[in-house]
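Right after this note come the structures.
One chain, chain A, appears in both complexes that follow, with chain B as partner in the first and chain C in the second.
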Partner chain A sequence: MAIPILELRNLGREVAGRGAEPFVIFNGINLTVRDGEFVSIVGPSGCGKTTLLRVINGLLSPSAGQIFVDGKEQNGADGELLMGFVFQGAALLPWRTSLNNVLLGLEGRKKNTPDAQAIARKYLDLVGLSGFEQHYPHELSGGMQQRVNLARALAVDPKILLMDEPFASLDAQTRSFMQLELLRIWSQTRKTVIFVTHMISEAILLSDRVVVLSHRPGRIRSEFPVPLPRPRDMEIKSDRRFVELENTVWKLIEEEVKAAGGFAKL
Partner chain B sequence: MLRKDLRRGFLSIVAGLLLWEILARLLLENELLIPPPSSVVRSFWKLASTGQLNRHFAATVLEFTYGFAAACVVGIALGYLMGMYKWFDEWMDPWIATLYSIPIITVVPLIIIWFGLGMLSKVIVVFKITAVEIILNTAAGIKTIDPVWLEVSKSLRLSRWETTYKIRLPAALPYIVTGMRLGVGRALLGVIIAELLASNAGLGYLLRDASETWDSPKLFVTVVLLAAMGIVSFTLIKKGEQKLAPWRETAEW
Partner chain C sequence: MLELYKKNSPAIHKLLSIMCGLAVWHVLATVIVADSSFLVSPLAVAAKSYEMLFQTAELYPHLLASSSIFFYGYLLSIAAGVPLGFLMALSPAVRDYVHPWMTTLYTTPRIAFAPVLLLWLGIGAGAKVAIVFLGCVFPILINSYYGMRVVNREFVELARSFRLTRLALFWKILLPASVPFILSGLRLALGRGLTGVAIAEWFGATEGLGYLIFFAGQTLNVPVLFVGVTAFALLGILGFEILRKVEEIATPWRKKLQT
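Presenting the complex of A and B:
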């Protein structure tokens, strides 16, 4: 069997709690992702999805376990640039234009600037923003800012793209359009994607596999392959298999929420 | 909109000057109290043509520029370090607080004793006032940076140096400029006070000279020049702020 692009072994993170007991965010996470796979992680609020993604990227350090990319163990944020992170809020630098925001990760790496510029322009074009190179973030809509955010992560040509609820702050309509855009962009780049969301239909629409986390401390509760053909569009949401999977996942999350003490505890 | 504003402002000034001229001529017999604008202009012309004005104006501008430039360099560096390292902040804090609370007028005599009548003492005065403002504001800017920008930096694996000059310093820039803006007004005051107390050149010197010789048109010339200097430096900083931080609504004045 080929070496998986990403492998998490017994990954856990805890922080100092109020008492003597440490506060366990998640533990015992084992996950294998193959090259080019689109994996979504869903789970009840507070299950540590976002923290898990940050630990994978090295933004936070794990308290236990190992992370392997292409079979090589990762050692936090000092290591090589192998992953791109798409932040929940667009997290663009307001003093940089779209183009310069996308260039941020390239400047230090690419020796000759015209080359880096060409790459940045290419990715802005890919996310549908050609013509907006010289716009500042405050001149762009929320959806456009997320496109720049995505282009910035893609431009460094990462092996894995980590996306942290990237469409959570968008209105429902923009969100749907962005999902379709992501499907198109993914089909063109074929990057491995780990996508965190709390929206089950979004996870199913986009992914090859949906991973459900349990309530805190987060563990992998279940995994579901998505049995739907690509390319996909919004119509697939009324497909019987889509609806069944959505119900199954929803029931699972509902159980988790109940086990955690009910909706009121959310 | 803006054009209209400007035109009205200009008209207002012209009207005020006219009124002043008329009242001064009609009501006052002695020009010493309030000279009409025409006398002020004549005095200005006389000072300018003898080269006196140039010399004194240049002296003040130079003192101001040197002090201000040095304050920017030192202020940003110290402010950055204070913002980055808590222990350094705690070490520096009592000194900065002391410097900040001492009124400049009380230390000007000391500075003049230490650094002489010439330009250096005034440069030091400007430096002291501006540096404190820039240090405090830079430190605040570095401390209050949005943590998500640092995560962006980390996720793109930027080096420490890149994080400093691509993320932290630009993020603190609006604060730094605020420090400069606060410094300008106070430093202008400081340099004039120092020149008034003891100097051999500068607008403050001219002011003292005019006051001792009861030359009120000359006094007015100096005041107008100082006002102009203040307005020009404020405008430059404001323009700089808009250019450096176009995403920010310009601060209220």
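Presenting the complex of A and C:
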């Protein structure tokens, strides 16, 4: 088998707890991701999904285990730029226009050449925002801000795209629309994506594989390949296989929530 | 007519407010108090100002003295406050060393320092600038420090996820994110700085608006006293307007946020 683009071996992260015991956020995470695969991670609130993405990106150090990208072990945030991070709250710099926000990652690597400008424009175009280059974030709708967020991560041409609930703050309609947009953009770029979401239907619609995390300490509870052909559209949500998978994953998460002591404890 | 009002309503409101204030002042001075050794009408102040500006020209040295003391004290505060505030935000050690001094000096009434500083530095410009500096530096320092400390955690993670250098993190994220805070520090410092000028010139000065007011108060020259107060007020307004322009230029993205 070819070398996987991303491999997590026995990954764990704990922080100092209130008492003598450390507070384990997640542990024993083993995950192998193929090049070009779209993997979603779902799990109950607070199970450590955001923390997991931060650790994968090197923003936090793991307290156990290893991360390999293309077979090379990763060592924190001083390493090479291999991943793009799409933040939950868009995290657009309010003092930069769309274009300059997208340029940020490119400035880190090369000088702000016309070349970088062209790349930034290309990705703004890809996410459907040509014509909005000179707009400031507050002049954009929530959906548009997430598009810039995505374009910014894509512009550095990362091997892996890490997305942390990017559509969570959008209204239902915009969210569905952005899901379709992401399907389109993904089919054009074929990036490897790790996508964190609360929404099971979103995970199934977008992914090749859905990974379910358990309640704290987060572990991989189960994995499901998504047996649905691409290209996909909203109609696929009424496909029998879609519905069955959604039910199966939902039951699993429900069990996890019960194990945690009910919704009120989350 | 209504169109004209709608377009310029903020300006019209401000103008009306000022006119009303002046009218109340005028009535108060001429009808209610009616004693020109206590209060004079704004018209009398305007006449006196005109005289001091264009006939005797005696106001200019005072204006110049006060503005230059203010200017140097304010600039020195920026030069010291902003970098020190940044250092405090970036280095826990610097923070620990500066913090106790910052809180003590900030909360001590500045007027208490004035005699001491005059004793040490004499009644020359040095002591006055120092008093203004003490008034201005803390709001600027505290705001610069705070502005850089509260930078959105996601912005810092963004920079790290793009593997930006520490220098780039400072220039591209931390500094621009702090600018609005620094500007509000500058605005706070403006009022405190002008108060500093007045205090400094109160004690043993021979020129300046503070001296003018103090002297007029001693000699019960009410019109001149009000000319001095008005000049301070106008300097304050001028400072605010300059800062507003600076803000517009430095933070163009905020303009639309506010309106």
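By definition in this document, the second predicted complex is superposed on the first by the 264 of 266 C-alpha atoms of A that agree within 3 Å, B and C clash if a C-alpha of one lies under 4 Å from a C-alpha of the other, contacts with A are read in each partner's own complex, and residues count from 1 in each chain.
The working rule: a contact is a pair of C-beta atoms (placed from the backbone, for glycine too) under 8 Å apart; a residue touches a chain by one contact, two chains touch by 3 or more.
This one's a predicted model, so the numbers in the text were calculated from it and none came from an experiment.
Considered on the superposed chain A, chain B and chain C are sterically incompatible, since they clash.
By the touch criterion stated above, A:156 is placed in contact with chain B and with chain C alike. Contacts of A:59 after superposition: both chain B and chain C are touched.
Once the two complexes are overlaid on the shared chain, A:19 sits clear of chain B and of chain C alike. Looking at chain A, you'll find residues 54, 57-59, 77, 79-81, 83-85, 87, 89, 91, 93-95, 104-105, 107-108, 136-138, 156 touch chain B in one structure and chain C in the other.
Contacts from chain A toward chain B in the complex involve residues 54, 57-59, 77, 79-81, 83-85, 87, 89, 91, 93-95, 104-105, 107-108, 136-138, 152-153, 156.
Residue ranges of chain B in contact with chain A, taken from their complex: 148-149, 151-152, 154-159, 162, 166-167, 170-171, 173, 244-248.
Those residues of chain C whose C-beta lies close enough to touch chain A in the complex are 152, 154-155, 157-158, 160-165, 168, 172-173, 176-177, 179, 251, 253-254, 256-257. Taken together, the chain A residues at the contact with chain C in this complex read 54, 57-59, 77-81, 83-85, 87, 89, 91, 93-96, 104-105, 107-108, 136-139, 156.
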